[in-house]
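One structure follows; several queries about it will come next.
Letters A, B, C and D name the chains as they come in the text, with residue numbers starting at 1 for each one.
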Amino acid sequence: MVKVGIVGGTGYTGVELLRLLAGHPQVGVSVITSRSEAGRPVADLFPNLRGHFDIAYSAPDAKTLAACDLVFFATPNGTAMKLVPGLLDAGVKVIDLAADFRLREVTVWEKWYAMQHACPDLLEEAVYGLPEVNREAITKARLVANPGCYPTAATLGFLPLIESGVIDIDNLIADCKSGVSGAGRGASAPMLMGEVGESFKAYAVPGHRHLPEIRQNLSECAGEPVGLTFVPHLLPMIRGIHATLYAQLNEEADLQALFEQRYAAEPFVDVLPPGSHPETRSVRGVNQCRIAVHRPQGWDGVVVLSVIDNLVKGAAGQAVQNMNLMMGLEETAGLGAVALLP
Amino acid sequence: MVKVGIVGGTGYTGVELLRLLAGHPQVGVSVITSRSEAGRPVADLFPNLRGHFDIAYSAPDAKTLAACDLVFFATPNGTAMKLVPGLLDAGVKVIDLAADFRLREVTVWEKWYAMQHACPDLLEEAVYGLPEVNREAITKARLVANPGCYPTAATLGFLPLIESGVIDIDNLIADCKSGVSGAGRGASAPMLMGEVGESFKAYAVPGHRHLPEIRQNLSECAGEPVGLTFVPHLLPMIRGIHATLYAQLNEEADLQALFEQRYAAEPFVDVLPPGSHPETRSVRGVNQCRIAVHRPQGWDGVVVLSVIDNLVKGAAGQAVQNMNLMMGLEETAGLGAVALLP
Amino acid sequence: MVKVGIVGGTGYTGVELLRLLAGHPQVGVSVITSRSEAGRPVADLFPNLRGHFDIAYSAPDAKTLAACDLVFFATPNGTAMKLVPGLLDAGVKVIDLAADFRLREVTVWEKWYAMQHACPDLLEEAVYGLPEVNREAITKARLVANPGCYPTAATLGFLPLIESGVIDIDNLIADCKSGVSGAGRGASAPMLMGEVGESFKAYAVPGHRHLPEIRQNLSECAGEPVGLTFVPHLLPMIRGIHATLYAQLNEEADLQALFEQRYAAEPFVDVLPPGSHPETRSVRGVNQCRIAVHRPQGWDGVVVLSVIDNLVKGAAGQAVQNMNLMMGLEETAGLGAVALLP
Amino acid sequence: MVKVGIVGGTGYTGVELLRLLAGHPQVGVSVITSRSEAGRPVADLFPNLRGHFDIAYSAPDAKTLAACDLVFFATPNGTAMKLVPGLLDAGVKVIDLAADFRLREVTVWEKWYAMQHACPDLLEEAVYGLPEVNREAITKARLVANPGCYPTAATLGFLPLIESGVIDIDNLIADCKSGVSGAGRGASAPMLMGEVGESFKAYAVPGHRHLPEIRQNLSECAGEPVGLTFVPHLLPMIRGIHATLYAQLNEEADLQALFEQRYAAEPFVDVLPPGSHPETRSVRGVNQCRIAVHRPQGWDGVVVLSVIDNLVKGAAGQAVQNMNLMMGLEETAGLGAVALLP
């Protein structure tokens, strides 16, 4: 059994990690930390875990964490970078579900996250945990930066187009919509149901932290900087991200074949038949990205529709997928459930 | 492997059966019928099943069904009763998720369902599939009537109180609330999101078909007829039933202990600690009933809060639980998932 | 023009008061206070008010408030009681939308609200602002305690039954359901959409602050103490309360006629035809209570269904109705809108 | 008093027309037709209208309609075109809320609506009822084609940019999201709450009927054909449209000033301050379009956010605005309400 620890397990990615790990045949959760909830059983905070976990939150303790094979950080941005060097030194592998190790350039990171990075030297070593791009590197990594939710949906949707060189990369548009769980479980007036229920809006149009992350992904893929506009929106529902992606074609191509071939061997990317419109509910609770590609009439462009569950393929599920790769387990272990529909 | 068939698999209980059976280690679905969708892959109608089921709907065929070990009916009321006698004769076990075999008295059944019963002689043989009451009989049954969703939540909530004789059974009140998936997947103007979203109402106050079913359950438990008022309401959400149950106490009793002892050995009934308020989301997607019992101040009464997922413990999950019992499998096989929260 | 002030206008009852007063032909809002938002235009905080109000929040100032004809308190419990004596001395009429003056007995108030009352002597003078009961007294009042949302729905539903003496008052049950706006606009983790969306639960079963208020109302009506169980529930929607009320009949009566006669002259109580099931959306945004009365089959009981918009007839709309009475205006002035459906 | 008739008043645009006209001081509804509901009081079908309308549906009758000053058609596409010629001959003015007269070119109309047009000669006379573009012509019109919901939101958002010539019109993108009420009140499985609640998807990406309408509007504005990609999406909520519009700039311009000046005199278009993100709830129930314009960092492009209530400024409210213009009333009469928030 792989012994894992979770640092900061009181948020939505924390409970989702526990839900997924409860069904994993080769993994045991040996510690889950929370300063504020130390001593409280996890099943008391999250009643869906009753009968599945007897464990209680404990205050973070370096020694206990160092006894794990792998530690997940499900903490706010800026926390993992303080503890990761010590854990790596102790021979523990780490997956950070926050943003501390996602950006290559420390100056870019410090600008967008408005703090000083505690271990910039690790930015180079950290592997960006998108298995569809970096599978080999993840397998060998000590430290994996688990991708953001928007970046996962947008990157997987643009990838085949950029890799194949069929689109103009100077003017990419990612119009993305997310359920409210993406904003976390912290007390907040703007995220009250009375504020966000039965309404819809864009936010952070001047610049969202996932913009440099998506841009980095697409630019690495293109081998040169891309031009990208990213507009996130808030959906009046709990789980799910839908990315609607726009680009102009440079040349004719069989786009459906392009996508199907690119993802033929991927267990967690599903290219839908021509003419499809993926629904976010079709991936609710599961580690899947479903994608459809369209060429709307009368335009030399392409529209890609890409959906994930922001808490699964966009967070905890992708983290489990990365853990499987890092620990030499079957990549799909513990990730075989069917989405909850309706 | 147990070979099962599903008759009428295009509704919500059908897709939910498929979702649960996809994760069952000892069961294979060999046929699923639908007249209207014959030839269409199930994963085409329900995209969450993509990658999990290659099977397509077929027109109902007696011979194919007779080759199954067990057949589920996920059909409208009045369909199963026409086909069940033939299947039983062929040695096939049957679980009806509709209401054809739920009521003992044919005259009561025919009044509430407004049709003539096709095989009233089987009403006596049929076992009411609530394992917490009829486990032994289910184990030996050829034909199981899977309980209704409201009756499951209400019966499990009242059971310990009636069995122990501590309440007045002449004046029981079940104020129940259900998500919209209870109304099924058929085209309907009153169930449009534009009609039932962001609103709440009671319905069928003069009399709902689950009233005689709950009354039958509680009367059998009490050994005499009970007086019951049942008011169902429609919630602006998809899954979940919450039963709020009221009764007056005849005598003092340790109600918490009463409930805990009654359900101590039950794998799918969870009695919460004193003072709890179960949320429907805590059982979303899983075969659980969570119950809390209260004695509000200043009254000689008791309030029981009982929640289930109407499609799981209230339908398809309970059917799988019954199948496990009927086929000699582990009762909990395929039913170990954690509820989806948030 | 009547000059009104609003103390504490940053919550949902505050913005709802502004919305309703914007359409009132004889009233002008001359001041609206908020310590935290002083200087900020109200239309900046609440964009629906853009183009309707140029006013900005100001810090509370006794002199400015004393220049008003009437002041509404839309503050947390315990605030109004500190300022009301001064305003009354200055000749200003007051309507408190919080709970400071709702309960007659100071000991009961202090027990439920867990603080000392600042002006217990005013509890006797304060008129409980339910016009269907206290219209005459409201007309002459200096100080009106605007009723709570649950108490309004429950009291109006029970009233005809108690006044006419046809029910047993020892065992009344009020199973009530509210939209989330009832919990206010303060930052709160439990009220996040991620927590309360797509789920349903009871809360405060051991005792909610509206219990003594409803009990007081019904006991005053009965002329003796009533026995009442009150269970509130939280609906995954924004606006609306549905009270489902249960009682046992002492004698036969034409209940439909009873209700129709009781409310024949009431502009804001609508008794629906026999067999109806009122929807909360039918009163969304308007100062109406819609009621249906049922005698479910096979029981000597009565079920009353009563719906209001918790922010209108349950708060700001009733406050405007009270203001109209107190200021000698037409009772229905500014309250003539049609509910928003769908 | 202006006498108006409504043909086909059982859908959401019908009830919304009635809601708005109930508050209009100079208009009376003298007839509302429905074949299926003839004889039924409108307040029986739509309980929000109780106490506001005593009128019942009647079967359509040419003579009764001809006695009106103006007739609204709130019918499915293809109905109005059969009755309009007769009404115009009788001297009745007409506003069609459906699509029969929205497109100039009969061949385009017949392609997208898949039927033969009954009176193509009237396509030229019909005035497209977007007052912000055609106010003068509407004032003199006998026949007004009320714009579609998506076209209203998208056109008002692009208008200042195209009129001023600052953007490249060959590559416009309109990523639009609508609440479910846009799909109407007809029985439909795909629009059940169980299907569309808690989920999000694009639809009709290959081509939606509002595409040629938006293209026509923008091309007329530009004086030449524009290149447009339009992707509609379905939101899990009832009311509201959010258009997110993308274009590339040809030249530098003060976009905020451009929008403010263009709409300075418009009573129903509200340009928000720089940096704003309009919410659909800010226009719920009211005849407003709220717009924000952004220049996201690092791109020579512009993003416009435009919100309306699809049933008001996107349908019935705009129809009342057009009626006011056609009948010589104050343009804002009956349209002064404040949006319902929360």
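A few remarks follow.
One rule holds in what follows: a contact is a pair of C-beta atoms (placed from the backbone, for glycine too) under 8 Å apart; a residue touches a chain by one contact, two chains touch by 3 or more.
Chains and their UniProt names: A, B, C, D = N-acetyl-gamma-glutamyl-phosphate reductase.
Owing to the predicted nature of the structure, the values given are computational and were not obtained by experimental measurement.
With centres defined by CA atoms alone, the chain at the far end from subunit D is B.
Across A-D and A-B, the chain pair carrying more C-beta contacts is A-D.
Separating the centre of subunit A from that of subunit D, both taken as means of CA atoms, is a distance of 39 Å. Distance from the subunit A centre to the subunit C centre is 45 Å, each centre being the mean of its Cα atoms. The geometric centre of subunit A is 36 Å away from that of subunit B, both derived from CA atoms. Taken residue by residue, subunit A touches two or more other chains at 12, 181, 185, 194-195, 197-198, 236-239, 278-279, 281, 284, 342, whereas all remaining positions touch fewer. Across the complex, subunit C meets subunit D through its residues 12, 15, 18-19, 22-23, 46-52, 181, 185, 197-198, 238-239, 270, 272, 278-279, 281-286, 290, 311, 336-342. Partner subunit D is touched in their complex by these residues of subunit B: 12, 180-181, 183-189, 191-198, 236-238. Across the interface of their complex, subunit C is touched by residues 171, 173, 175, 177, 194-195, 197-203, 205-207, 227-231, 233, 235-240, 242, 244, 246, 248, 275, 277-281, 284, 294, 296-299, 301, 303, 305, 307, 342 of subunit B.
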